[in-house]
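Encoded as structure tokens, here's the structure I'll be asking about.
Chain nomenclature is as follows: A, B, C and D, assigned in order of appearance, with residue numbering initiated at 1 for each chain independently.
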Amino acid sequence: MAQSKGTVVLAYSGGLDTSCILVWLKEQGYDVVAYLANIGQKEDFEAARKKALALGAKKVYIEDVSREFVEQFIWPAVQANALYEDRYLLGTALARPCIARRLVEIAQREGAQHVAHGATGKGNDQVRFELSCYALCPKIKVVAPWRLPEFYQCFPGRRELMDYAKKHGIPVPVTPKTPWSMDENLMHISYEAGILENPKNQAPPGLYTKTCDPANSPDTPDVLEIQFERGVPVKVTNTGDGATRSSALELFVYLNDIAGKHGVGRIDIVENRFVGMKSRGIYETPAGTILYHAHLDIEAFTMDREVRKIKQGLSLKFSELVYNGFWHSPECEFLRECIGHSQEPVEGTVRLSVFKGHVYILGRESPRSLYNEELVSMNVQGDYEPADATGFININSLRLKEYHRLQSKVTVKQDE
Amino acid sequence: MAQSKGTVVLAYSGGLDTSCILVWLKEQGYDVVAYLANIGQKEDFEAARKKALALGAKKVYIEDVSREFVEQFIWPAVQANALYEDRYLLGTALARPCIARRLVEIAQREGAQHVAHGATGKGNDQVRFELSCYALCPKIKVVAPWRLPEFYQCFPGRRELMDYAKKHGIPVPVTPKTPWSMDENLMHISYEAGILENPKNQAPPGLYTKTCDPANSPDTPDVLEIQFERGVPVKVTNTGDGATRSSALELFVYLNDIAGKHGVGRIDIVENRFVGMKSRGIYETPAGTILYHAHLDIEAFTMDREVRKIKQGLSLKFSELVYNGFWHSPECEFLRECIGHSQEPVEGTVRLSVFKGHVYILGRESPRSLYNEELVSMNVQGDYEPADATGFININSLRLKEYHRLQSKVTVKQDE
Amino acid sequence: MAQSKGTVVLAYSGGLDTSCILVWLKEQGYDVVAYLANIGQKEDFEAARKKALALGAKKVYIEDVSREFVEQFIWPAVQANALYEDRYLLGTALARPCIARRLVEIAQREGAQHVAHGATGKGNDQVRFELSCYALCPKIKVVAPWRLPEFYQCFPGRRELMDYAKKHGIPVPVTPKTPWSMDENLMHISYEAGILENPKNQAPPGLYTKTCDPANSPDTPDVLEIQFERGVPVKVTNTGDGATRSSALELFVYLNDIAGKHGVGRIDIVENRFVGMKSRGIYETPAGTILYHAHLDIEAFTMDREVRKIKQGLSLKFSELVYNGFWHSPECEFLRECIGHSQEPVEGTVRLSVFKGHVYILGRESPRSLYNEELVSMNVQGDYEPADATGFININSLRLKEYHRLQSKVTVKQDE
Amino acid sequence: MAQSKGTVVLAYSGGLDTSCILVWLKEQGYDVVAYLANIGQKEDFEAARKKALALGAKKVYIEDVSREFVEQFIWPAVQANALYEDRYLLGTALARPCIARRLVEIAQREGAQHVAHGATGKGNDQVRFELSCYALCPKIKVVAPWRLPEFYQCFPGRRELMDYAKKHGIPVPVTPKTPWSMDENLMHISYEAGILENPKNQAPPGLYTKTCDPANSPDTPDVLEIQFERGVPVKVTNTGDGATRSSALELFVYLNDIAGKHGVGRIDIVENRFVGMKSRGIYETPAGTILYHAHLDIEAFTMDREVRKIKQGLSLKFSELVYNGFWHSPECEFLRECIGHSQEPVEGTVRLSVFKGHVYILGRESPRSLYNEELVSMNVQGDYEPADATGFININSLRLKEYHRLQSKVTVKQDE
């Protein structure tokens, strides 16, 4: 046994990798505190606790962070219409700073100088974890075994990991591992690596776990009304059975159920990781997909055109920052403040239908809408003078005419 | 009959409005040349020609611009992933500058000093038409009856238009008008006004004409392979029956068929018009929706991350310009050049499934992909040194640590 | 005398143009209330009051808005580093919404349904005035004589205006008019039109009025220390004579004096007007130029790099909006909120020298600086691990290497 | 002597640091090829050659890259109006990729697998060098001694370096080192570190080497005419003595002379390094400063307003990329293409005065200007209808009125 290196708080998942890391950290001379975040994934938390203790953890924290995940991380993303590279709803990227924040808190509570995680050396999650930790507690030391040659060179493949597990009494999963890796939380599940690494390979039908196959989903839609205040959903009503949900967490879980039942939220993309490589991921984000569409709609209905355009630019930047792991950064804080400010009038109700993998907006209403039915009407003149449009167009054309004038001059000269 | 005002070329649709305008322009003393663009809408063009001549048109041009519409207007939009306000694929906005360009050409050929159109005074289309005309031919004079009090005050409602039609022998449609207005071209159809002006009202089921109701669409998907070169589709293959299409126009029509059959491409949105009001529109863009998803995918697969980010900003601007009617402008030309340049490596094949109103990406391959399976692999180290990520993260955290240091200092000070 | 049209509040300057307009408005049947804003221009306000009354104004308001101009309009521009098209500090553009706000207030107080101004039909100021008025009081009606044919067709040139003045007893200036037009306020003076319309013509030496010719300015600099809080100057100290100024208005006036004495703040530019034409303007902005440089410096010293980058984008948009007349708009309000928020840490003191037309930054200090002397030191390692930079560079190079790999592949293929 | 490690090409400056590195590399077992780039710095190149050979370099390349520096690196920056963080003209950042490109070429010519440089571990230059090398030759291996503990731990201070030099017969400079470090090339010289690390300390008067103290500069200006084509200067004429320069390099050298003589181009800033820290730098960029102002002017005169706005955004990004070392990257290549394209009409002559540290624009003319003297004239109506501006303003106000309407509604509600 190596010399004592003090206490490390390990972000523990209960799976094979972090179990091996737990044991290995002890071998290296650390006292290990295991921290398992309940962020909405399907997991037997009590079994995980026992396992960690059995493997030698000095202490185990099982922390339910799902409510704060929804309220403090998912809601700002909904307000932003956050989307990385036009497609990814950032399910994993939003969870990391939430998990890491508690990790740092536990480290501080335990007087631990180190934290550890099981993220790989090629991925985004290592960055997201560590930037969050350093931002919140600059003195913290991160142990990332998958980046330490003394660790990763021992485990070039899964077989060596299994051998290590067997040797150290780490329970090995009885079900054969899927030929891809998964990461799940309340918002989404990701599938990548393994057979999915070939971007041409279609996802096998049995892969999906959070959403039903649209081919087998119900033949009648669910029609929902989602009510927003300050850009955040505050109530969902199913117009079919009258079911309603109001608290953030319950509302989100309910939307996951409805969307999952109708096969909504699947994507298969190639994305650009922060470390500079392209990777292929398959994601399911059921509730997030419904909320993305609903929020877009109520925002367009209530927000001034030009404010919206500015906010759209801020959201693009926000999404990139979140993806890259900069949730806890001055710039991301600044953006959340600005975007939050833009959401003040985003209030009202969107009616939508969820059916066969798709979300259809049906209508919307709001006490704060800038929509003016009389102004836009084709049958009523309202407070609008058509002749003004002539001036508007003429002035807008001035610059174009000047450009044409010059182009002609140039062309004529060239022809001479 | 008023004094002769010379020749006007009227963008004629064959419908009631522009028929009345044709007659009215003659009353005002114009010689009217009718120009009917075939841009892919369903229309009996020969009947329209006869009608125009019967109403007194001096000459009728029926011009098939559908091929140039696809190649010169839709393709650049596909390359740009053009989307106005995150949702609208710009079907009408792209058609206007295509129609207007020919309008100006005909005016020049005919020696006409005037052009006229039937667009209303509150909408975007008047702007799109006229900015195009002025940009291409600054000397042209536009007659926009719906903005002339002497015209529009005569026709406060549809009844007065019908009366005028009857009085002047203008054939009145026998089928009752739908309680909304429509505009169709090869790319899309829009529905707005009338009962749709209340943004809460759901679109009636019978409204849609270009796409099947997803509830009634086939229970088996069509799986397509779309091949791109320079960001533009060059071949589509239906893996089911082996059907292929290669020429731009045929390919686009085929995608319309497939998407239409599966109910793909419907949206219901509130958007911001250039003239400053919010309006509600319902759109069907079948082929455009498939191509939007397919192009996003092949582009992400082949384009460098940072080039993509810059290009995304350019595309946002491009979409706004197209929506606002600035297709024929120096800035839009400039953007098309830049975006076109970015598409040089966007080459490869996307496999996707079209089913029940949704498009699912299944896989992709490309000879130009920047995706490196070995580099990204979780099982192979490849040309990647995990320890480098430590330095990368540490340096990225430097700024965050400094910020924290300062915040603490400030907080401490405030606490004192 | 025409039929009574109610009361109009005229933005009156005391000059020939608005004096003629005053009389003309009365001729048209308006009761005219004259409003003369004291926004720091050199003017004999009491003489102007008498003149307006003599010309038939029902009432005259002379309102000193210079303090609010500095605090509510110039300060936000300083925080933004506002610059239109990289050069123009927006002196006129900032004054217009300040003047117009009071104009609307007076109209409301007086129960006037109309406001009038003397801005020309080709310029930016008409837009800035009117958008401000409409934004603050949508029901207001604007009378802009220089856009009314019944007015401007009477006055094709200055001679006709003089004739009209003489005929109606309007005092005509005894000094010959400069062959250019001027607009002055506390922040700047602009020169345009007349002989300056030829963009090749150099400004004549005698033109400048707010700044000394640098060729004749003092041979020793003034060295100032400017202290900022929340991005706004709160104290200026002249290190030479120890003079200090702290209140916003006095501080700004003092900087005008110092900068003016040293010939600081002259520019000669061609700019793009909102109405679509290019125009040539010569401006003097003495204090504004010093503050631009000083604020840039203290901001760079105290603001996080990435926050700064986002804020820079917002400021570009802010400057454009202010130039175009959208100060009183939802988007400009939103930007001011965001930019204001970014200024929270912008605190400290900048030392600078003002000499011969130029401002030289000499040094800066701040209790909130993110500058870390130890961290950056070339002699001390500080809390920095040089080896980390290797990983940082390697990971940043990954994408570039991949791009090279692909380019080579493509090139090789083409060579085959 | 260690085992042979093959050949390394060292970017050699002739100074103490890289001389020590040369010897140290040999000690480590490398064959060292010294490469000294003549990029316009003041240097006795032949002496440097002899010194390198004397220290054991296998071969010495002295490469004059100044012409390509101007034409291929400075010119694109001029076209872009490149400015990092609103102030820094990027003098060093532009030189690095130019030097590094030749470095890689020499390595390939010499069959060397390694390159080495003397940049420190905290700075930007290491990144700029290495990213360039990796982008151009992914297989290259970089040796950066200042990041290798076995090197830098031997030299914690200058004394140890001097000791090492003496021990190994490396000539030690006879003049005492300035208490700051300098980096010079044709475009600029930078001063940083040492006593300048305290950002409050004013630069000592004797520091500057490329520009005259404005207090002592001539009392009469030089008036220049700079002619541009495609955004690049092609001819400079001194209107005083009629001197002209046309070739890129000579023109640039001449502008350096004139600007230097008049004390133009000094700045003192705090900037944000790519590695995440703030640093203080003092720079002289004489010709670059003149060209920045001249190009801004001719561009504003000839480029469409909206194209300019888009291009401005691209330039901001370009400047950041260049600063961070990404000159040789797909995104920077893309930006250069786009910006280059925008420069097509940027043609004409700017007249300016250089005097006492400042550049004054006096006038401009161009065959391609979009400036239309008649259109803008206050005395001629030209092809402009003032009444159009009414419609333009009214339509632009529509959105603002709607916003006000809503705000009032909200306020009223809150008041109830």
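Definition applied: a contact is a pair of C-beta atoms (placed from the backbone, for glycine too) under 8 Å apart; a residue touches a chain by one contact, two chains touch by 3 or more.
Source: prediction; values computed, not measured.
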item: Interface composition of copies chain B and chain C: same or different, split at half; value: same
item: Chain whose Cα centroid lies at the greatest distance from that of chain A; value: C
item: Whole-Å gap between the CA centroids of chain A and chain C; value: 43
item: Centroid spacing, where centroids are CA-atom means, of chain A and chain D in whole angstrom; value: 39
item: Where chain A touches two or more other chains, by residue; value: 275-277, 304-306, 309, 313, 326, 329-330, 369-370, 372, 375, 384, 387, 389-390, 392-393, 395-399, 401-403, 405
item: Interface residues, chain A side, partner chain C - complex; value: 275-277, 304, 306-307, 309-311, 313-314, 317, 326, 329-331, 334-335, 337-338, 341-342, 395-399, 402
item: Chain C - residues contacting chain D, complex; value: 81, 85-87, 120-122, 126-127, 130-131, 134-138, 144, 146-149, 152, 157-158, 181, 193-194, 197-203, 214-215, 219, 221, 266-273, 275-280, 296-297, 300-301, 305, 308-309, 312-313, 316, 320, 326, 328-330, 351, 355-358, 360-365, 369-373, 375-379, 384, 386-387, 389-390, 392-393, 396-397, 399-401, 403-405
item: In the complex with chain B, residue positions of chain C that touch it; value: 304-306, 345, 368-370, 372, 375, 383-385, 387-396, 398-399, 401-403, 405-406, 410
